[in-house]
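By letter and in written order, the chains are A, B, C and D; residue numbering begins at 1 in each of them.
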Amino acid sequence: MPLKTPEEYVESLRALDLRAYIGGELVKSVVDSPMIAPHINTVAKTYELAHIPEHRDVMTAVSHLTGERIHRYTHMFQSADDLVKKIQMLRLLGQVTGTCFQRCVGLDALNATYAVTYEVDQANGTDYHERFKRYLLDVQSQDLMLAGAMTDPKGHRAKRPSEQEDPDAFVRVVERRPDGVVIRGAKLHNTGGINSHEVLVLPGTGLIPGEEDWAIACAVPADAPGVTFIFGRQSNDSRKLEGGCDIGNPRFGVVGGEAMVVFEDVFVPNERIFLNGETGHVGQLVNYFATWHRANYGGCKGGNADVLIGATAKMTKVLGTDKNAVVKDKLIEMIHMNETTYASAIGASAMGYPLPCGSYMVDAMMANTVKLNITRNVYQIGRLSHDLSGGFLATMPDQKALENPEIGHLVRKYHTANPEYDVDERIKLGRYIENMTSVTTLVEAMHGAGSPQAQRIVMLGQAQLDKKMAMADQVINGTDDVAGLPLPGRRRPADD
Amino acid sequence: MPLKTPEEYVESLRALDLRAYIGGELVKSVVDSPMIAPHINTVAKTYELAHIPEHRDVMTAVSHLTGERIHRYTHMFQSADDLVKKIQMLRLLGQVTGTCFQRCVGLDALNATYAVTYEVDQANGTDYHERFKRYLLDVQSQDLMLAGAMTDPKGHRAKRPSEQEDPDAFVRVVERRPDGVVIRGAKLHNTGGINSHEVLVLPGTGLIPGEEDWAIACAVPADAPGVTFIFGRQSNDSRKLEGGCDIGNPRFGVVGGEAMVVFEDVFVPNERIFLNGETGHVGQLVNYFATWHRANYGGCKGGNADVLIGATAKMTKVLGTDKNAVVKDKLIEMIHMNETTYASAIGASAMGYPLPCGSYMVDAMMANTVKLNITRNVYQIGRLSHDLSGGFLATMPDQKALENPEIGHLVRKYHTANPEYDVDERIKLGRYIENMTSVTTLVEAMHGAGSPQAQRIVMLGQAQLDKKMAMADQVINGTDDVAGLPLPGRRRPADD
Amino acid sequence: MPLKTPEEYVESLRALDLRAYIGGELVKSVVDSPMIAPHINTVAKTYELAHIPEHRDVMTAVSHLTGERIHRYTHMFQSADDLVKKIQMLRLLGQVTGTCFQRCVGLDALNATYAVTYEVDQANGTDYHERFKRYLLDVQSQDLMLAGAMTDPKGHRAKRPSEQEDPDAFVRVVERRPDGVVIRGAKLHNTGGINSHEVLVLPGTGLIPGEEDWAIACAVPADAPGVTFIFGRQSNDSRKLEGGCDIGNPRFGVVGGEAMVVFEDVFVPNERIFLNGETGHVGQLVNYFATWHRANYGGCKGGNADVLIGATAKMTKVLGTDKNAVVKDKLIEMIHMNETTYASAIGASAMGYPLPCGSYMVDAMMANTVKLNITRNVYQIGRLSHDLSGGFLATMPDQKALENPEIGHLVRKYHTANPEYDVDERIKLGRYIENMTSVTTLVEAMHGAGSPQAQRIVMLGQAQLDKKMAMADQVINGTDDVAGLPLPGRRRPADD
Amino acid sequence: MPLKTPEEYVESLRALDLRAYIGGELVKSVVDSPMIAPHINTVAKTYELAHIPEHRDVMTAVSHLTGERIHRYTHMFQSADDLVKKIQMLRLLGQVTGTCFQRCVGLDALNATYAVTYEVDQANGTDYHERFKRYLLDVQSQDLMLAGAMTDPKGHRAKRPSEQEDPDAFVRVVERRPDGVVIRGAKLHNTGGINSHEVLVLPGTGLIPGEEDWAIACAVPADAPGVTFIFGRQSNDSRKLEGGCDIGNPRFGVVGGEAMVVFEDVFVPNERIFLNGETGHVGQLVNYFATWHRANYGGCKGGNADVLIGATAKMTKVLGTDKNAVVKDKLIEMIHMNETTYASAIGASAMGYPLPCGSYMVDAMMANTVKLNITRNVYQIGRLSHDLSGGFLATMPDQKALENPEIGHLVRKYHTANPEYDVDERIKLGRYIENMTSVTTLVEAMHGAGSPQAQRIVMLGQAQLDKKMAMADQVINGTDDVAGLPLPGRRRPADD
């Protein structure tokens, strides 16, 4: 049966022989690292919910390759309804975990590769698509977790891949062999890679002729020789090592456990190569991925914000301010911003249309509005949460103070607000809010799936300003009116 | 064939014997009034486009009563797809007319009455629904234009209908007779009523027991005895009487030709009465109407903003600023705000679900976000249009100055910007922008389909804060984690 | 005595022989034109208040040339206190007239010319400054109203004056004679020119060598041969010709009666020429003017918004919503935005510093923030006013409907809200709000004293990013710490 | 000489016998705690700069009590210029430290006590003011650092002090003795207390008759028996214990080292009591303090934002995006928001007016706009900094990874952007930006000097809506116009 249980997922990670550095040190087992465990526990929920009958419809789908019921996270989008269900799945998972659950990059990268390999083959007579389908069958049948690896280090931002001082600033092929290629470079901000089975490496930017070496899409086992994960720091991450209520997210991560994944001359065999030098198709690959991915944020951040709004609403009860009309109005504003992006993501999905390969693509304009609004609304929602939660957020006592017999009672006494609620509850809510509005979380909302300017550029292209100018011309100067109506525009001197 | 042509629509208006005051004076024929002609010409487009094969799918539908193809503006929403197509129709019409095309209130009022009469009958054993279906057949077969009449004068805003000093502040039944009722009162901001065939009168607010006299829903011919339309003033309305380029909208109206419609003891026969004293169902009627109607703004204002954005983009070409990166960025911002509300309206529609009567209702939360965003975005879009169009908007020369042989050449000479464009074009664009960002237009966006606070109250109800608080509790305190993971939350003292 | 009475001001206008076109027609007397009378009445208030002892301190000043008490509107700023008092005067006049009172452009243009003539003379050994002082003495002793004329038509916005297809797109010297120069061109958006005594013509943009013909600053009597005023249209302007309550501003104008003033080969004698070909000083002249002028908006718009906020607050009483907490919160937001720009304008003035000529200049950065905030806040204040005032703003009945015996009683009956207030009051408030949030008013706030992008460019220059980067470097990497403190930064490996 | 050196300040702290808990553990010496050292180093700058001749004018003042030159942080505001200089001092210190320098609460608390003791004595014939002056002489002559302690725990927010279940939720007198009082309770968010000499305890909210026990103002040595400081957690605080570049602020704190200070039945002798039961004056005391303090934020946050803007501008150079027009536009927006609040703070100060005691108070309306804008602008500035700094902010590598010989070279290689800049610089900038936009920093901006709603309530009171309504009435209905002008309002039918 192609649906892993949470336990199977965790065990399958244990079976990997990953090279991973956390806190600058090589770890023996990421599964046993308290820094990574919350991220694994988050992903485990994606496996768990697929087994719950109530959620079967959104969490699973029927494979178009096999007809078997598979995890939606390995499914190719076969209809607008599939796209809508994806957004609903994301909101659900966001509500259940209150954070990033990491599998979306892999999903959208799979879909983008599926779509573009088809188009490359149509254009060039290659057979990448069949090759990719074989790979996909494996992914689906084993319910693998994939980390999409898109974002290159990029070096000097005003220069192209081929203009960089260090050509490795974008992942590239350093050797082409009969049986495969050798790649070098790194991918940044790699969500969930450290607890994935596979890394799907795709180019992160459009390429031009002459940049064939950077035009490489391929799948790499997470524990392939030459692959190294280097974990960055999240806000307040070391509190995880302390335990106690200071952690904020005792069970789940803060965002997606982003790591740098380095490829030190990694060999990729032919059957795992899905694009190799076709620069003319790279822009479309990036575009497909980004467009699907940008719509997602209306789902996952919607679910996360549900939890944040819930925590904030609870905090107003703890403080005793919940009856205040202006307090309610601020909660409404949080809700409004959150539902705006969710509604748009649903809209983008419902307007899905078929690509040449038969998969469905979301509406690009709508998907980009989702992400661009996220880069603002997540900050505003956080700001309002801070407003309603009080200065307490900045000066919360720590676990050790609570436990210290000399001062613990004072800390409790003076942090009791509405006496119906326990101080621990206030602190836990506060710490959760602290983490979910931290720099790590905010920046992920800002730059995940592309920086705001990337969305704006797409929008300008999608907007067809020429058509809008023609509309204005027709509205103002058109002549196809009902005859006989005394329209003021008709009575111009030139009309006499 | 149940699809009127534009000419038939205009002729059918001529056949009415309306009592209408425009500019404080009784008019013989609204069709021949240059103050009303642009509004009629706008509605005529709704009839015209239904005959164009390219638009047939969005402009028409198949009646669920007769199986005949009818105008979508008389159709009961039978599916989520119907709801989506409505939004698409609105955007199309907004693009074609660049203004309000007036038939939406009637459409949503028809649908709301259809749905609630069914529910009332189910609850009370009455037969309003069958009665309404007979009325609806007439509307569909004749392709009638209906004006929904919702907004009561409301008197003192802090008082209920039954508490008002003047009980007529909300339309009410003043006499109940065996063959019908006599109603008195007025409806404000009545969009399109003055060029409609019928007025569908619905209560404008929820009612409580004891307010049965205000619980009246009924259809009144626009020219029924006792019905008087009193037209208000729009921004710059009297320019229509001057002709020339100062008009701004030479062909179409500015918003929807809102009028006050007064009912001076108007008799309504039983077959036109669809609710009569059932106070307990009035809240639902208002709610159904408002929810459908709020989603619309993502469509119609989307189309209008397309034209406004087009006019603004053209203006930057006329000025020679179109290559500037910051200018482009402002156009993008206009596009972004516009597409956000459109996307949300599509989302609200795609999430449509069946009501007891079988019709489809939009998602309430999403529909309310649409309207609330409109109350902000329309202003911001207008502001950016002003920014890009220049101070010229405030000091444009008038038609008479252009025509005056003594100064006309000076006016032209000194208003020429990029010499590739004619001054007249600059002025026409400017006047259109002026009108479409005028107080009349902005206020319609603010208060149409309910004031922003009305949307916020619905949102708070829809948000289910209790569930969100439970989510927060589960995320923070849940215990259903994968066993064996070294989660930091596990290492609390209590766990030892 | 150098303080004119309002009546003397009006009479002095009558004595002029202006060539002015209003509504495209030559008017015999602007004073007797109902289109211009409200603007004149507004300026008359500036004269009136100077005679009221209570306002003497802000409305008048002591001439640094003569020691006589003069109108502050003809005074050179001699101290930071003078700058502060100017802002206070503007707020007062804004509160008294509820609109633009027109004399500020002239005042700031006088001051800019005073300052730059001094600097030109210092640099070049010319005697413009003495010449200008003689002119200024006349202005002060006669309490003249001056219209500063800055904004050129500008033609193609991406081209310099010398690159335009039509060289007259910027006012220029077409002939240099021993006794003076002949100028040609036009100035747009000329505030108050049509009811001024003098027009002070200054270049509107910085110039480069080779553009000497455009480097001309001079004073021209408003009725000099060859000068023509062509009045543009304001929102709802023709209602003034109707009389009645539809006017909105029955006594005062909407913004400043902006006109295009055309110079058809106007001769200017030497004694009225204050810059003539010195391109290198034009940038400073424009800069001085703009900087002073941008701070003003915190004063005048502050006063105007006081009236608008007052009208809106009154409207909530008329409606019966004034007790609502969220309504109050919106009024507070209006107040907050208004006071922000006022406070900044006071700050810019209090930080005034002496120029080489001895006059005081406001802080440039602060002055630019004022104006940039105005381009946003005026819109937001208007939006909130619309929110609180209701849909009524878009559909208000007209005066003729109120007076019509057949329907007047209905209009009154159904527009009565809180019965403690008369319908006429509601309408008057509504019409005032309509006008003061109209396109004319908003666009003036957007583009007066320069478009927002102009302010941003100045800010970037003022911000000294290099210094800020150095600050960041010092904060992060500085080494001048107190010895012995266990600073974490000290414990870097390199320190061992 | 009454100006301590930085070293003297540090030594004087060592001399104290504080009871302080950091990280839940009692520390022997706060001076030797790496958690506190950065905060001490920050304050040391306030002492250091007072000795630098260039800054003497803003950093010092002449005592009105002794005529001696003292630190401005112990000075009573004697003029509007003193108020302006305070803001300038704050901006300077903000630029030098890039964080909160802690002495402002004490300064404003001293001034508030000075002013209110005078007023109490005038009203009641008491001698608090002379007693306070004696205390002040000590403070000035020893250049003491004072921590103002205002914010009570407040318990249930909807209840008054006397209604709380735990009466200690607000600091109160539990025993009155001939020689003094005994106080109990706690103050939260106490800025700088842990490295201060004295704590000045003031009531945190207005009181009513019957709440005399809570009406206590007094000075307590930081190491008085019964006083305990309990330090809360800041964002990423434990990184300080690691050293290295992950710290973000290697030299200075993040915000002000806020602690909870607990008073466990602390005896205060009479000479240190400055208010004792006079409930009627408590509101004014709170108001004076808050008003002065709210203006400050335009200064200190202005300086901090200078550093943040500088760090962000530098980051764009490191990335190679600094030439992009939209990037520059975002930097301008950061500058604009920052300068708006600074300008307003200067305005509030320049409008300072004398209180009964002779000290100068800032303009209350303006001061409140400053703080309210801060609660928004600090978030927006942070958001734009994130936008320009890139996703890197969320995934930066840690010091240990950089130092690890196995991976350090990879981390460096793949984080090199513009090769002109070193990776370490990029990381240091990133970590500084991370800290200065963290929850601790943002929440301090939100809630310091009172939550936004507190500012709004003051504004509503200050706005005098009645006067504004009267202005509107006069503008619309006034009759004092110049006779003979054809004002449209004159030509109403009623006028005939």
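The rule is simple: a contact is a pair of C-beta atoms (placed from the backbone, for glycine too) under 8 Å apart; a residue touches a chain by one contact, two chains touch by 3 or more.
Nothing here was measured: the structure is a model prediction, and the numbers come from that model.
Asker: Imagine the assembly minus chain B, everything else where it sits, and name the touching groups.
Answerer: one piece
Asker: Count the C-beta pairs in contact for A-D and for A-C, then report the pair with the higher count.
Answerer: If we tally the contacting C-beta pairs, A-D comes out ahead.
Asker: Can you check whether chain B and chain C touch via the same residue numbers (shared by over half) or via different ones?
Answerer: same
Asker: Using the average of all C-alpha atoms in each chain as its centre, how far is it in Å between chain A and chain C?
Answerer: 49
Asker: Rounded to the nearest whole Å, what is the centre-to-centre distance of chain A and chain D, using the mean of the C-alpha atoms as each centre?
Answerer: Taking the mean C-alpha position of each chain, the two centres sit 38 Å apart.
Asker: Quick one: which residues in chain B touch 2 or more of the other chains?
Answerer: 239, 242, 324, 326, 329, 403
Asker: Quick one: which bits of chain A touch chain D in the complex? Just the residue numbers, please.
Answerer: 21, 23-26, 151, 153-159, 165-166, 168-169, 185-186, 188-189, 228, 230, 232-236, 238-239, 242, 246, 255, 258-260, 262, 264, 319-321, 323-324, 326, 375-376, 379-380, 382-383, 386-387, 390-404, 406-407, 410-411, 413-419, 434, 437-440, 442-444, 446-448, 451-453
Asker: Which stretch or stretches of chain B touch chain A in the complex?
Answerer: 6-7, 10, 31-34, 37-38, 40-41, 44, 48, 84, 95-98, 239-245, 247, 249-252, 306-311, 313-314, 317, 328-329, 331-332, 335-336, 339-340, 342-351, 363, 365-366, 368-370, 372-373, 403, 428-429, 432, 456, 459-460, 463, 465, 467-478, 480-493
Asker: Using the touch definition up top, name the residues of chain D that touch chain B in the complex.
Answerer: Within the complex, chain D touches chain B at residues 324-326, 329.
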